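Right after this note come the structures.
Shared between the two complexes below is chain A, which has chain B as its partner in the first and chain C in the second.
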Partner chain A sequence: MSHRGSRVLRLDALARVEGEAALHLAVRDGTVTEAQLRIYEPPRFFEAFLVGRGHGEPPDITSRICGICPVAYQTTACQAIERACGVTVDVPLTELRRLLYYGEWIESQSLHIHLLHAPDFLGHPSAVELAREHPAAVERGLRIKQAGNTIMEQLGGRAIHPINVRVGGFYHVPTPAELVPLAERLRRAHDDALETVRWVAGFDFPDVAYDGPLLAMRDPGRYAIDSGTPAVMAAVAGSDGATPVRTLPVEEFERHVVEHQVPHSTALVSQLDGDHYLTGCLARYAISGRWLHPSALDAARAAGLGDPATGAVCRNPFRSIIVRAVEVAHAVAEALRIIDAYEPPSRSYVAVPPRPATGCAATEAPRGLLYHRYAMDADGTLTLARIVPPTAQNQAAIEDDLRRQVQSRLDGPGEPPGDEELTALCERAVRNHDPCISCSAHFLDLTVEHG
Partner chain B sequence: MEPDPRPSLAVWKFASCDGCQLTLLDCEDELLPLTDRVRITHFLEMSSAEDSREPATLAGTGPYDLSLVDGSITTAEDVRRVHHIRRISRRLVTIGACATAGGIQALRNFADVEEFRAAVYADPEYIATLDTSTPISAHVPVDFELRGCPIDRGQLLEVITAFLAGRKPNISSHSVCFQCKRRGTTCITVAQGIPCLGPVTHAGCGALCPAYGRGCYGCFGPMAQPNLEAMVRELRHDGMTERDIVRVFRTFNAASPEYGPVPELATQQAPEPPAEEEPR
Partner chain C sequence: MTGRVVVIGVGNPYRRDDGAGPAVIDALRARVPEGTVLTDSDGEPGRMLGLWHRHDAVVVVEVVHAHPGQPGRLHTLTAERAARCAARSASTHALGLGETFALAAALDRMPRELTVHAVEGGDFGLGRGLSTAVADALPELIRHVAEAIDEAHDRLRRASTLADDRGIA
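On to the complex of A and B.
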């Protein structure tokens, strides 16, 4: 069988990603006809069993959707319910919430960079083998990751499924003295994070570009994580040469982001106004890069990402590892800022009395924009829950990326690629987007392909 | 070539949030030293090595000296897969509430799954899933069950080192109350009247919630022989309604058989008199 001819390639289990998925690629006469990320995680029905629960329960329950980004679920659920109840949580508490979220960012992004993603660039199957060749880099990564986990443990009670988050705030707020050991660890992590940016910037990157629209939260003046409004950066530059960014009020999110079923995946595929799109670190960096912490801005410039202060955008999914490293540096610096300025609030939470209403919210999970909507009746019993996780939104863009990368390799010079090479290329293309498959499949429509 | 003397470790995943297997990657200080002592042969989340990728449906690279299983059984294919994993594993340990008690997805066990499907799915007829979410022990013999949603990192390391040393893991089955006392936390139920599942919940988390001013919500599941009758009475006394009581037990370990009598107990027991009239 000619490598330029027709063939079908399957990879039954995708490694070094969170959750489980397979790849399916069909090539007919040298043209990629199918490129599928087959998410086969079984459904867990979260949206169904949230109905009938109390309005204080979503932070604990939805955190169980994902062990790798529970704070994203907790924060988004809290904000959606607070909004439904017309309650505003004031500044000391929102800063603490952000600190916890930064802890998750630091932990989750360092995990992806060092344990899941970097082995691809250095030709190793896992961080264990990578550590034999680059022990300092892996140990440094584990140290940064541990700094993130320490924030989660101190402020949240534990690193996975924190117990200290409630609608309206926290059960317990720390004393400044309790945060001191965190600050010491974070100062070291800041140096480590900048060193990681330099390390990953030295990897070899294929020259490819994702050319679709980008979606991320936008909050002028701040690199948005848990605040702002969903914003879309268009795929192409306008007549003035600048790439236009438009915002969508979060209340209109579901009017623009429409999900549909595909036969090969338990996750729905989202479209934004009829087009595939990318959410996640590349989108955040494009939309908020200019508002990074100064040390992270400098690191981004030095790493060859251009100058985010003047609107530089990175569209190469392989270079997402640099953007993630820059985001870790930013998160560490911001976490330090919050700790240094911390004065304990007079109360650990704001009361959130229920009322018959609907509320929605979106925040930036490490893997991209996460949207929740809840409706409740007068006593706070939930009558509806809707959750749109980032990986489901990215699925169409990931498949488009797969198709283009494989086609480009098939059309390129040199020997036609063998199955092993194509498989490795596809796996890398998927891993670039750090998919969180457990999240994406827990709610979404599952169809079984027959035949 | 000398055979690798290290015992082999495999990590498997079924329906779950991945948090319990992630706990292994969260052992930042211990992860690399651990790999000097065990060969992590199958762990998809960590390694793309060929061994790691070997589909469990094939008689692959086993046997494994120790298999850690994360997640519950919710599909017919997973039933087949867990039997295969059992066959190729010398020791099989479940990690976490999903693998040990069916997890939060076992809430379907109390509901009409058709309604769940219709609530979530546009085309429910295409969903390939079982009507139940069941623990691993409902399908194959299990050598040890580690509790928690999520599991505790220290307990995970104890289980791995115990199995490597050929001894029983030193994991107590007493209640969260013991850990609260050891931690020196004032009882929040006694001092503040906050409802707390500590008296009936399996220890392991280090009694986190009371230390943060919150009642235990039972994420480690039932302790050995919990006195649910007394617990439900106490929760009533602390102001919880019948609905609240059923809800608080129906979370991450909802399908634990020990919790079976809770709805009936919650219905039967009349509310206690107001707190000030009740000597404590």
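On to the complex of A and C.
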């Protein structure tokens, strides 16, 4: 088949991504003219039905937005409400919140690495074939993930949609003895996580780069997850060779990040000062890499990501699998640090009395920056809710990445690619970004056999 | 070593008929024999694999789509059959139930026995509450699952007695 002439490639259901999406790619005379990630999940109107609810409800309601990253929603919601009410939560409670957040990171990132992303690099159609050939690697991934699950169960009260989080803190805080088995599991997971970094570092990576701006939280001295200020790393380096990073006070977030509707997707598409941009692990690593836990820092160096301590930036979306593995090592090491230093807080939560005000907050969900804003009246009834999730922010960047990767393949040497090859390339390009299109029903398709 | 009977209701109660699995689990609480573990799951494979040990008997309660379909019709599937059915379709989850079983098999983590009791769903829209067809079928599904639990306990007991007779700890 010639790659000249017009053709349209449609991929009706993307496998190994979270949720329901399809892909539409048009090629005319050897040029990609259209690349659309079509998110066809129905809109869920969370922002609308938060209005009229009490100011204590957003952590429980928004945790239902995602089964993979409920803690990101809970933490961001709590912070936004607490900020509106002018309440500062005690440090021991913020440390416990961070521990819970690390649990989610460990679960989510190790799921993506081992069951969704790794098959792409080893030529397997799914995790099942990968498990047959590399059972030890998949078992290791499941062990790490289980450590994350255990944190979620212990601190969150259950494995999915945690119920122990409230505005101001927790309903119940653990005793140090309750955390001992968790620490043992995490120590094993730390070795496993470092082994996973070595494993994924040995994969082959196509030489591509995302060249737009990167957005992540920044908190000097810390690999920011639930603290700091949104920051943007420019697309290109300055004359001195360093890439400038500017902070963007969270109160000004919506002035810079503007969401708009597009006909092909039920998700809103975001632009940052008029341009597409990338949020997620590559952005975090670029902006905060130097502040990783020392063991994760060493692992990143040995994995060929450059030296984050000197500001190394990785813009290759395929290498995101290494960055995720490094983030898991960091999360496990930090979770252990929190447990080792843990002393039960004097109170499980701080009272957060309502007042007529607006508050916003942003944190780093596994897939990138998540922003919430709430307004409430004097008795705490919410009058407005705004939620900007990471996948909606990344949609335009993913489409740009798809366009450029397919174009590069069309322009490259060798036989022109067939539709099957392009489909596989597009699927890989999408999975590199681990989009979460938030699935909320599951289906087992069944064909009834007669006879 | 004597296994447990682990009953897993897979589904999402906020997507209408998809909640049939968890509804069966709720109905069975307080009426199952000792040594039975009742649990819900969203079907995520890593967590599913963590719910059983190799010597357990596992009963999964699930909702399926059928083509052509008849909402409310009941099916009993072996793990192999469920895996084959799933292999032919596109699961909207990252990994479907069939792939979860295939993954367990690849990792040599299948339980001693595994059966799937399924009901065909019709309405997977947003919200709570089952469609009439599925709600009408629920008592029979609960009965099937309760019988499957009792039978699994009998088999485990027999296996355990046999092991004792042979002096196997």
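One rule holds in what follows: the second predicted complex is superposed on the first by the 437 of 451 C-alpha atoms of A that agree within 3 Å, B and C clash if a C-alpha of one lies under 4 Å from a C-alpha of the other, contacts with A are read in each partner's own complex, and residues count from 1 in each chain.
FYI, a contact is a pair of C-beta atoms (placed from the backbone, for glycine too) under 8 Å apart; a residue touches a chain by one contact, two chains touch by 3 or more.
Remember, predicted model here, so these are calculated numbers, not experimental data.
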Practice task
Please work out whether A:V138 is in contact with chain B alone, chain C alone, both, or neither, and reply first, second, both or neither.
Solution key: both
Practice task
Have a look at where A:L115 lands relative to chain B and chain C in the superposition and call it first, second, both or neither.
Solution key: both
Exercise for the section: Please indicate which partner A:Y171 is in contact with in the superposed arrangement: first for chain B, second for chain C, both, or neither. Expected result: first
Exercise for the section: Please work out whether A:I163 is in contact with chain B alone, chain C alone, both, or neither, and reply first, second, both or neither. Expected result: first
Handout entry: Partner chain in contact with A:P125 - chain B first, chain C second, else both or neither
Key = first
Practice task
Determine, for the superposed model, which of the two partners chain B and chain C contacts more residues of chain A.
Solution key: B
Practice task
Report for A:Q146: first if it touches chain B alone, second if chain C alone, otherwise both or neither.
Solution key: both
Practice task
Please indicate which partner A:G67 is in contact with in the superposed arrangement: first for chain B, second for chain C, both, or neither.
Solution key: both
Completion exercise
Intersected contact list for chain A, partners chain B and chain C 13, 15-20, 42, 44, 64, 67, 107, 111, 115-116, 126-129, 131, 138-139, 142, 145-146, 149, 159-160, 443, 445-448
Handout entry: Complex contact set, residues of chain C against chain A
Key = 10-12, 14-15, 18, 42-47, 49-50, 62-68, 75, 82, 85-86, 88-99, 102-103, 106-108, 118, 120, 124, 126
Problem - Footprint of chain C on chain A - complex, ascending - result: 13, 15-20, 42, 44, 64, 67, 107, 111, 115-116, 126-129, 131-132, 135, 138-139, 142, 145-146, 149, 159-160, 439-448
Handout entry: In the complex, chain A residues that touch chain B
Key = 12-20, 41-49, 51, 53-54, 57, 60-61, 64-68, 70, 107, 111, 115-116, 119, 125-129, 131, 138-139, 142-143, 145-146, 149, 157-161, 163-164, 166, 171-172, 261, 348, 427, 438, 443, 445-448
Handout entry: Residues on chain B engaged by chain A in the complex (per definition of touch)
Key = 13-20, 22-23, 25-26, 28-29, 31-32, 35, 40, 43-50, 52-53, 55, 74-75, 78, 103-105, 107-108, 111, 115-117, 119-123, 126-129, 149-150, 205, 208-209, 211-214, 217, 219, 244, 247, 251-252
